[in-house]
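Reading through the structure tokens given below for one structure.
Chains: A, B, C and D, in written order; residue numbering restarts at 1 for each.
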Amino acid sequence: MEKIRIGIFGFGKTGKIVATEFLNDSLFQLEWVVRKGHEKHHKYASRLLGQEFDAGEIFSVEDIDEMFFIEKPVDALVDFSDSTGLYLYEKAAKAGIPIISAISKYEQKELDLLKSFAESTSVLYSPNITLGINVLMVAAQILQKIAPHADIEIIEEHFKGKKEVSGTAKKIANALCLNVEEHLHSIRVGGIVGRHEIIFGLPNQMIRLSHESINRAAFGQGAIFAVKFLIGKPHGIYSMETIIAEMFRNNIPVY
Amino acid sequence: MEKIRIGIFGFGKTGKIVATEFLNDSLFQLEWVVRKGHEKHHKYASRLLGQEFDAGEIFSVEDIDEMFFIEKPVDALVDFSDSTGLYLYEKAAKAGIPIISAISKYEQKELDLLKSFAESTSVLYSPNITLGINVLMVAAQILQKIAPHADIEIIEEHFKGKKEVSGTAKKIANALCLNVEEHLHSIRVGGIVGRHEIIFGLPNQMIRLSHESINRAAFGQGAIFAVKFLIGKPHGIYSMETIIAEMFRNNIPVY
Amino acid sequence: MEKIRIGIFGFGKTGKIVATEFLNDSLFQLEWVVRKGHEKHHKYASRLLGQEFDAGEIFSVEDIDEMFFIEKPVDALVDFSDSTGLYLYEKAAKAGIPIISAISKYEQKELDLLKSFAESTSVLYSPNITLGINVLMVAAQILQKIAPHADIEIIEEHFKGKKEVSGTAKKIANALCLNVEEHLHSIRVGGIVGRHEIIFGLPNQMIRLSHESINRAAFGQGAIFAVKFLIGKPHGIYSMETIIAEMFRNNIPVY
Amino acid sequence: MEKIRIGIFGFGKTGKIVATEFLNDSLFQLEWVVRKGHEKHHKYASRLLGQEFDAGEIFSVEDIDEMFFIEKPVDALVDFSDSTGLYLYEKAAKAGIPIISAISKYEQKELDLLKSFAESTSVLYSPNITLGINVLMVAAQILQKIAPHADIEIIEEHFKGKKEVSGTAKKIANALCLNVEEHLHSIRVGGIVGRHEIIFGLPNQMIRLSHESINRAAFGQGAIFAVKFLIGKPHGIYSMETIIAEMFRNNIPVY
């Protein structure tokens, strides 16, 4: 079987780990990585990540010209750069290359542009692209419908240095119509990578759903999951939660 | 609105708590309770349970004659007695009264009889009738389908005196095709009412689903939930897990 | 061996459970219970609590006269009433009867009076008299000294109806010099009896200490533990945390 | 202040992480690392670990001659190699250099040799050298003495590939006189680095003590902690649990 060719935008802390996951998965061929600046330019991401083979040639954003996506074709483009990355790969999207974006936050203008890509290709956008956290959110929303009188509280735990409240936790709170000020509790201690817990309390019983990231490679695995899902799908905009919700629908057990 | 009339078989430790929950819910009228033996016969369950009004007249199994279910009609019959209770209310089932059975374990003969009731009425049978534990099981089965490579382990915690492995935990293990000897861990300490945890491990992330019973009134609430569901449903055999699975199907979030 | 004779002040929700624990422990003889009002006066607490024998004669606060503690002697007096209860048993304290008070909160005036009792008898005062929560607090204080750079957060979980922040959690926060506003998180859901968790985070490891009350009988067991400790001790004021700290000191393992 | 000079034996997976922790701590100067084989010999550990400076010259075990420890003096020697490493640094020990060994398991012969080192220097031996796990063990032993009737169970969770039962968990079970077959439960799922939980159950309350390793750097921090403790101590054999027990003794809170 031919390998799925991947191009990555972004080579920061998370981008590197995501690249590593694609390099380690024999289903994929990492074609190139686009990063800011000229530093370590035109080398291979694989070498920089400690591998003994050449893969993932590194380009600067300035290398992106008219011909880039034609001369260096990929089957999917994965974006872990920043909110302006998408201006650079507009041509790729118009040419029908599936786009996976895991950017934390877009301005409305960028969000509109991303959505416009969906006319010519399939686009998946999810700020938190791990499988588990989206499973947690979908399960929690269903449970809230099943037990509408349950009291619900969310606890999110992250490393001491994380200043803001977890965006993922806020998204879950919104999906559950919970007031963030009252029902979302942020714990900041030590080196916790990331943990989210949703507590459902009824008078006589409790349900707790929790997700814990062991390390950031979970994001790479999420991107791999997203690419596999997206290839071959109709044009349109997708998100991890729509995928997971669909998987819930297709896997209801029969007794 | 007219109250839903309830008859209960069984007045042991759990039966009493279930009766209390029906007494406390203004939607219901507890008509009678059938118990073994003559002791405290022809009094009211309500009085024995510390209430200041008369409800739930107590009958002995020997009081059940041809006319019992005609003279003392109910809208649903809830069985927390034992595996032979169903012989006594065969007539009720044939007359179309919905049956809720929470008996732990039936012999095949009794199970066949119970199933035969489903030709003339709606029958719900669930050894563990709490809402939460069934939500846990359905969610776990879906999650296993979404993440088929996840390692799964089950921990069940109960009070020191509980000798056998939790039947509920074994049922969950079976639903997940897990070998009970290898993947089910039983903790027996102190006075824990009952806690089940299902652990999903992926290389970079963990999901934990847990259910904890605070007290046995959870069974009464489960019975109330089951009665509300069952009344008006077509003849047939139902279980808590089929109800919950159906509720999952009807409540998949749309984004 | 002669039984330890106990008198209890207070017969509310917790007082009743505490009385039950003393009734069920063959080491003790519950002599009397003093409660407010005349209701069910001069009956036996044992009967009101479902026992088949007479114990714990019930008296009204108005029955306490000059001779009460002389005519109805006890070996220890346990107070689960309210902050003014101690005015009634001043004479008992002066006569040398050990006092165990589990009152939630005293005004300074009452606190001074309680301390004055310590000149003539041994007095133990602890708003939270469970064994476990005090073990948690002492262990947390030691751990903070061993790992002074650890980040510490406290989560307390209680039933939805509990309005105020857990006094026990505030006490632990104070003992650890943590700002309550920032580092204490209150979860209010369903019917949780009471759970406290102290989280210690270091860059590469986490320690979590948690205590969970299964039911209020834990307070009765704490009172029993306190009575056993207090009898025969020198005059003075004691608390559960001083007892537990002393037990830590006497039980450091030797390798 | 002069830096504390460190020599490390062992440069495997854990050895590298331990070296990194010493390199990153300005209190220490990593002088050398001794590893098996000639590969990457006479380079600097710092460079191999991604640092931009020279520290921790790498030597082969064959480089250890009569003069090694005289020509390349250190203030403490840290051993993360294997059970035979100690034959190579016998001379260092006889010369009074403090030894920290974190070898998992010694044969009796090697253990006797290690103990003999204690006549001429201070030796600390702990198979699990993290701070947290030893705190857990000491606290659990004290708690068992305080609540001798508590039921105790241990759960240890590690990555799927870990074949054997956690040695640390077995050590804790032994310290608590618990039968390993009955009371120790091993969970093997996904990529969990390592988690130990000790559950204490009483009829009305539960205490849970848990320790979780976020990553293996916890071993390096444990070694740093051990070196700081050991320097200047009298000759003799020490362990992390004796240090922690001593710290418990010195930090009992006073109320």
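We take it that a residue touches a chain if its C-beta (ideal position, glycine included) is under 8 Å from a C-beta of that chain, and two chains touch if they have at least 3 such contacts.
Being a predicted model, the structure only gives us computed values, none of them experimental.
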If a chain touches chain B and chain C alike, it appears here: A, D
Chain whose mean Cα position lies farthest from chain B: D
Contact-richer chain pair [B-D vs A-D]: B-D
Same-residue or different-residue interface between chain A and chain B, half as cut-off: same
Approximate Å spacing (C-alpha centroids) for the pair chain B, chain D: 51
Mean-CA-position distance for chain B and chain A (Å): 41
Centroid spacing, where centroids are CA-atom means, of chain A and chain D in whole angstrom: 38
Per-residue overlap in chain A, given as positions that touch at least 2 other chains: 190-192, 200, 202-206, 214-215
Contact footprint of chain B on chain C as seen in their complex: 190-193, 214-215
In the complex with chain B, residue positions of chain A that touch it: 130-132, 135-136, 138-139, 141-143, 145-147, 175, 200, 202-218, 221, 239, 241-242, 244-245, 247-249, 251-255
Residues of chain A that touch chain C when the two form their complex: 150-153, 155, 157, 160, 185, 187-192, 199-206
